[in-house]
Amino acid sequence: MSNTFGKNIQVQIFGESHGPAIGCAIDGLPAGFRVDLKALQCFLDLRAPGHSPLATQRKEADRPEFLAGIREDGTLTGATLCAIIRNHDQHSTDYEKIQDCPRPGHADYTAFLRYHGNNDIRGGGMFSGRLTAPLCIAGGISLQLLENKGVIINSSISEIAGVPNPDDEATATAILKARDDGDSVGGVVECTAAGFPAGLGNPRFDGLKNRLAQVIFGIPAVVGLEFGDGFGAARHRGSENNDVYEIATDGTVRTKTNHCGGILGGISTGMPIVLRVAFKPTPSIALEQKTISLSRHENTTLKITGRHDPCIVPRALPVVTSAVALVLLDFLSEKQSIANC
Amino acid sequence: MSNTFGKNIQVQIFGESHGPAIGCAIDGLPAGFRVDLKALQCFLDLRAPGHSPLATQRKEADRPEFLAGIREDGTLTGATLCAIIRNHDQHSTDYEKIQDCPRPGHADYTAFLRYHGNNDIRGGGMFSGRLTAPLCIAGGISLQLLENKGVIINSSISEIAGVPNPDDEATATAILKARDDGDSVGGVVECTAAGFPAGLGNPRFDGLKNRLAQVIFGIPAVVGLEFGDGFGAARHRGSENNDVYEIATDGTVRTKTNHCGGILGGISTGMPIVLRVAFKPTPSIALEQKTISLSRHENTTLKITGRHDPCIVPRALPVVTSAVALVLLDFLSEKQSIANC
Amino acid sequence: MSNTFGKNIQVQIFGESHGPAIGCAIDGLPAGFRVDLKALQCFLDLRAPGHSPLATQRKEADRPEFLAGIREDGTLTGATLCAIIRNHDQHSTDYEKIQDCPRPGHADYTAFLRYHGNNDIRGGGMFSGRLTAPLCIAGGISLQLLENKGVIINSSISEIAGVPNPDDEATATAILKARDDGDSVGGVVECTAAGFPAGLGNPRFDGLKNRLAQVIFGIPAVVGLEFGDGFGAARHRGSENNDVYEIATDGTVRTKTNHCGGILGGISTGMPIVLRVAFKPTPSIALEQKTISLSRHENTTLKITGRHDPCIVPRALPVVTSAVALVLLDFLSEKQSIANC
Amino acid sequence: MSNTFGKNIQVQIFGESHGPAIGCAIDGLPAGFRVDLKALQCFLDLRAPGHSPLATQRKEADRPEFLAGIREDGTLTGATLCAIIRNHDQHSTDYEKIQDCPRPGHADYTAFLRYHGNNDIRGGGMFSGRLTAPLCIAGGISLQLLENKGVIINSSISEIAGVPNPDDEATATAILKARDDGDSVGGVVECTAAGFPAGLGNPRFDGLKNRLAQVIFGIPAVVGLEFGDGFGAARHRGSENNDVYEIATDGTVRTKTNHCGGILGGISTGMPIVLRVAFKPTPSIALEQKTISLSRHENTTLKITGRHDPCIVPRALPVVTSAVALVLLDFLSEKQSIANC
């Protein structure tokens, strides 16, 4: 299913940016767990637009309405959890011209071909970054379940506009400079999951890397993914890159280094899982761009108006966290059958 | 299924490096197509060991024996195609010590945990790079089907041991130097698929990037994947990275540049699909390494003997090509239902 | 995914009988098709409660609210179609006692075990027959797409309370008699799909029978399924049961009889697909029944109050039709890739 | 995947009746379990041809050759288990005429359409009942795992040629009479699984009935399936059909009767799982039958020679047992994640 992922914890995302609502359905959550709804809302606010001068001025509260699977006090019933977020603050008139003139870097043209011009172009329709909001609902619930099991996930910005390990000020400077130029910048998010047990995963096509990659490449604007030292490891020698084993002072087996990012053969080593995700610069820029008119089949130019993030990386942090949380929870749920069938 | 991927063209890989045989089963291939078995063998020889002084000295002919789904003349019957390769030249005694002392950088320790010590450790068992041979059988057949549709896939080395765009001599030099040092090196493979039609793919979790990533991260030693400019795009501005549209001289719509690697919103643009795959250095090195004894639960050292590639990148080329071919063929098979349901 | 089925046309059902809403998400519908929303509502009304003295008195308009994937005029956008139906007329107080005393014949006790007592018991929660309403939304849309391709599906009652081929009067008599006795009756629904092309399907585990069975056994109260002569065929000889081929007067190949119900080897013959579905009598009856108290762990009795169908067979007709429509549309979507890969 | 089923225990069947080999691949079996290979062979012999005057005279030892996933002593390694059976005693010349003249009741014609005449017609190719041999390899291993968990599965003939509950003599009489007439008979197999824990399964489309149905309708010649009283229940009243709960003398909760066949809402009640499977009479009969010539597009007649079972029901017993065993083992493997995520 195009909008679905997961084996034991299965997630479906639906909706269009300027349609009535967006939402998610999640199967396989453990009945009886009580979701902290306030903490969930705090997590969703990290992603929500309109909270920072750095982000799009579209203001959406991003408050989920639960339709099934959860009681008012947050207790899960075992039924498929379904939550929706109504779309309110839509400026659909902003999108009239792009119906005919595909925006460079967006999915307008490929969607036009794929859906024969019937897709809802407003706000990017089903391709909108807004669809990461329901992903964060599912991810935020998973985070709470994982914390309960001692797994802590953290995402941070490891690069903005080519600046490595930027602090908040450097990040803001780079983004505001791009905005002042009518332009946009990209960056890299690093995500670390600590406390994930060793020995979970599978070889080949259904391992930790594979399933993480499936979900992470489902986040709009993601153009690269590496685990551990990743592309850097390709420049090292085996003697540098191999993580040697040792008995730690507490008697546990661990690797001295973690160049592999906590995964070997698709299975967790017990060290933190580390991955980095490359985000391209936001394709919506204020500068005039060349494009074509689909109806007139001729070259033209386009100036995108409307409200857009000059850099989506800060808001992408909870999204990457959510993707990782959902996949790790899925594997944790598999643990018992692996051990005890 | 852990060893399975694909929706319309479904592939399963099975086997252990030093067991009786390895093989693959492929569902969904079009009945009536005639596979050029000689060309398939030539393709398999690109990956087979023992063909170059740069690679492991294990000699396996890698000649598939077909059990079902194909006639002697290569015509596909429509039944699940099953092919196996017998394992012959096994030096299983090489692997006695590592049963107790996991090799750094390999899956020995994670597999020990995952399978409670029951997995076949010889040659890496089910985690062996040897399992890419049946992937190449499936991939080689797919390549022929794709060529028939005008899709041409090519993989090349874009980096060895940190050397960008190495020619054969530079590649050989880097690898032989590592071998002389008892060490190993990694590298990056770039793969380009030209002629793939525009408008194929899906948004979100089942698009071109997602499915390509699932299979590519199923290749042993892969630690990173990027599409188009990938991590480089994260350092560019939107005005540089956006691929503007134009009416080409032949009247078709195309993008002037291809920073996005031929994919937008999970759907093909019609430009070449471009991706790069980072391979870590071979974990098997001749240098002594620290590790632990699982039985004695104490630190120890290990010196790996046996035959190993000081760099698997050259032999990985047909493997990456196969992964890409299988995924693209899968999407091509989806084309008709997309258009005409 | 427990609440999901389909390969090309994928359907997910979610909701609980007395929760805020029930709904469905459908992936893979062809963009650009215009759904006749009035005709869809008429189809939904066939299943809706409160329309007949034979059925439960719970009155729900069953009017879908579309959240995504469809424009106001009914045109499909290609995005996952999501529709919900709000729950209104709930008498949740009716369900207080059964929280502790599982109703015989219902899923109360098995759900209690499966979800550790956390499931929403009101109205049967996620197990309620009410969840067939969103199935009918998906099915009703599929019916229109199939009609457009010349496939006509019809379901009728072939047995009520042991009475074969009952007319409306006989049906009503049998049901009202059961109600007057505080009891309930079951029956058999026969479904025929005419115009489905020959040559669609697959051998073994993914053929027409398999996928039809998966969905049909997902309808509450279904306890049996047979194709063509079914259990009757088991009593015939091969010479009677074999459907011999002939060249029809219009030059097409057909079978003289259709004992096999239009399916051989999991693949359609081109003759009507015929299946029969056995429904058990409604477990909710007015008579006092023995049961247990879960909290006191002792035998007790239960008298179910509230509004219940003395026979769900008449309302099940559009549900069976929907199940068959969705599966056949799924296979029709596969047709092109089969033929032309 | 057309030839695949299962979620945690995943099975793939491949092969063609007169090709080099048939086989299966099984994923998810627990590493470390030791298969009793002798007991497995005894189980396979129940299905193998040539063991009885009632069955086809084709003699195949049906001895599996293991290619991966299992050590010589039967210990599972955790890798995908792959086993093949070589095809030896093939009379392929028997099948020359049917290439042009499809046999009534077989999949010859539908396969011709589906695979455009390229499928291997000999022995029914991929549609052959012979493909149930690898299913029994997988099933036989599952049976041993289930027995280890206290689950016992038994299949018996509940009807032959319309004779209910036949003993061995009545069965033989009915079958031999059909053979003497150059004809064939069908029957019904009843399968009971005792000891399966309560509370396993899922609602709606992924419950016990759905998954059992998917696999059982994958057995050639199956035309009907009912659970518990099945079609009989449709003739009963709710007050008769409901299984009331009671505290048993040993303090456990049980139902007094088992009309529902141990499944409510897709989830096990803890009572034996009971199902019945209708098999049509073998389509291969010695009597002359009408058919068509595909090449000449005209009516003709066909007399099938070769060796065929006049009734496949006795040999189908281990096949039904295998199907049920594999599905139940799959759900047992899910148990832990359900309980403990």
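First chain written, first letter: the chains are A, B, C and D, and each begins at residue 1.
By definition in this document, a residue touches a chain if its C-beta (ideal position, glycine included) is under 8 Å from a C-beta of that chain, and two chains touch if they have at least 3 such contacts.
This structure is a prediction, so every number in the text was calculated from the model and none was measured.
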Would you mind naming the chains that touch chain B and likewise touch chain C?
-> A, D
What chain lies farthest away from chain C once each centre is taken as the mean of the Cα atoms?
-> B
Starting from the mean Cα coordinates of chain C and chain D, work out the distance between those two points in Å.
-> 26
So, in whole Å, the Cα centroid of chain A is separated from that of chain C by 37
Averaged over CA atoms, how far is the centre of chain A from the centre of chain D? Could you give it in whole Å?
-> 44
Residue numbers in chain C touching 2 or more other chains?
-> 1-4, 13, 28, 111, 114, 126, 339
Can you list the residues on chain D that touch chain C in the complex?
-> 1-5, 13, 102, 104-107, 109-111, 113-114, 116, 126-127, 131, 159, 161-162, 178, 181, 183-188, 198-207, 209-211, 213-215, 217-218, 220, 222-231, 233-247, 251, 253, 255-256, 260-261, 263-269, 278-285, 287, 289-292, 297-299, 338
List of chain A residues in touch with chain C within their complex | 1-4, 6, 10, 12-16, 19-23, 25, 27-28, 31-32, 65-69, 71, 75-80, 82, 84, 111, 114-120, 125-126
